[in-house]
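First, the structure itself, so that you have it in front of you.
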Amino acid sequence: MYEERKEIFGNVFTAGLDIKELYAPATSEARTREFWRTLSQVLTQIYNSRLSTVAIINGACPAGGCVLALCCDWRIITWNGSMGLNEVALGMRVPFYWCELMARTCGLRAAEDLLLSASMPTSTDLRSLQLVDEIVEKPEDLMPAGIERLTKWLKFPSEGYVPTKRHMRGEFAQRWRDGIEWEGQEVWKAINHPATIASLDQVMKRLSGGAKSKL
Amino acid sequence: MYEERKEIFGNVFTAGLDIKELYAPATSEARTREFWRTLSQVLTQIYNSRLSTVAIINGACPAGGCVLALCCDWRIITWNGSMGLNEVALGMRVPFYWCELMARTCGLRAAEDLLLSASMPTSTDLRSLQLVDEIVEKPEDLMPAGIERLTKWLKFPSEGYVPTKRHMRGEFAQRWRDGIEWEGQEVWKAINHPATIASLDQVMKRLSGGAKSKL
Amino acid sequence: MYEERKEIFGNVFTAGLDIKELYAPATSEARTREFWRTLSQVLTQIYNSRLSTVAIINGACPAGGCVLALCCDWRIITWNGSMGLNEVALGMRVPFYWCELMARTCGLRAAEDLLLSASMPTSTDLRSLQLVDEIVEKPEDLMPAGIERLTKWLKFPSEGYVPTKRHMRGEFAQRWRDGIEWEGQEVWKAINHPATIASLDQVMKRLSGGAKSKL
């Protein structure tokens, strides 16, 4: 499946959510709410996992791909990568808890600037912003670097590691989980707005040239 | 009016609040509370505005001028500028919500240091601290730079931009608004303290040489 | 007493808590709870003191020494120093409020990384992280640098300084104080866990070679 994805996307970690799930005429409120619930449960479980998690990012990592990476404990990217929550450029709001997750990673002021400018900083800027932790030269360096990082953490007894991670993340994870239904409702209201539908119409036309459409 | 102010102040964005409004013998509790209410309503409206806002700062920007600039979305300053909440040097407390606004811009630890040292960092330091976003060489470069920044944001549909800005600022804006009356009361108690009156006495004597007295 | 400590520890600011107080077989729930109460009351009083406080750090400053330093208003360290909350390396959780104190000093993301990696950054890294404010060359430079810093602050009237410090720290200090009993309970549960006892057994064996055992 990795090979198949690679063939389709080239140097892309993940292009984010399937845009058709956010295109109101192609879905329904019930389906959107269910989609959002599943997505958010996965994200919060990764964010607050007792396990150590590393995102290895080959190339571009926009929107839904970025939030998945930010839920991990460590991010390694290729030198030619880029990452960001660039929803605003498409006329979409950044989901509420994704905004806070970004602010928790790079600080509030930098997050405001990045989100409102729909920025996709490149690898060295991402490192200065603390949005990634390591840069590697070639895609094949990603996996060894990730394993090296995990190996370091695995030396530590989980009696100290796991509760300390919970101390840092538990409170936000809980608020995020508690807000999933509310956020899903907001997402449906937003994507059901005529201006958003028109905006996604254009994005889908642009993408229909060949590559699968993801946001 | 800009010309008039320029004549009076020279290279000063704004010198802050009118010190006479904070000098207890020249005002009253009712007047101070009303003054604080009006000021804080303006500040919170700018902070949480659906519009994009840029502060262009020509020279020094202390206290009340600084908080006004921090309420905007972007700050551009001349190379010889300086900015800070320097109330502590005059024996005045930094108002409660202004402290949090500073921390939300440059981080909590840097804010503690700046406020307790009554610092007025200069332009390059302000940029490292994320307290300003751009530095220009000459005052006449400020307006074009501001317009350029606003033009970038205006490309984005407001369906995404406005709710994302609200996600980042709405919760604090609400707490700030809810706290206006309490903060106004605290301000009155503070300025009515004999030591503060004595301290402002000296400031006003110092300023009475010529320039209008602002804090 | 300083001389005595210096003789025992050499270049160590403080080696932290007495490890025997955290070794369950050598203590009891009641004693641990009382120990934690006293410790936490001291820490929160220093953190939220109306006085200005400077930590001068000669050499290594792990765990309990680090949290004491972070409660001060300013940290000065010798060039060969190091500091961190490295509990995770010993299989111990970082106490809940210590995690937040760290995040309030160096930012949330950096704190996550440092705590989960049990890092003890050295002086120049500590300064980049805002965990220390000044580096001096020789131990004998510490005290004059500390006095110089205190002298700067003492110029300011306390009518402005003290409430501004409270604005920055009061809310967290209150939450920390309110949570002392809960945190003490958690600490007892943690140190009473067989894996933690086994882990401390090893640490104590390692330390029993000569130096007094501190964490």
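Odds and ends about this structure:
Order of writing sets the chain letters: A, B and C. Residues in each chain are counted from 1.
The rule is simple: a contact is a pair of C-beta atoms (placed from the backbone, for glycine too) under 8 Å apart; a residue touches a chain by one contact, two chains touch by 3 or more.
Each chain and its UniProt protein: A, B, C = Eci1 protein.
Predicted, not measured: the structure shown is a model, and the values here were computed from it.
Arrangement of the chains shown, judged by which pairs touch: all-to-all, with no pair of chains left without contact. By the residue-number overlap criterion, the interface of chain A with chain B counts as different, with under half of its numbers used by both chains. A rotation of 120 degrees, rounded to the nearest 5, superposes the Cα atoms of chain A on chain C. Look at where the CA atoms of chain A average out and do the same for chain B: the two points lie 35 Å apart. Shown for chain B are the residues in touch with two or more other chains, namely 107.
On the chain A side of its complex with chain C, the touching residues are 52, 73-74, 104-107, 130, 133, 152-153, 156-157, 159-161, 163-165, 167-169. Against chain B, in their complex, chain A makes its touches with residues 87-94, 96, 99, 103, 107-113, 115-118, 190, 193, 195-196, 199.
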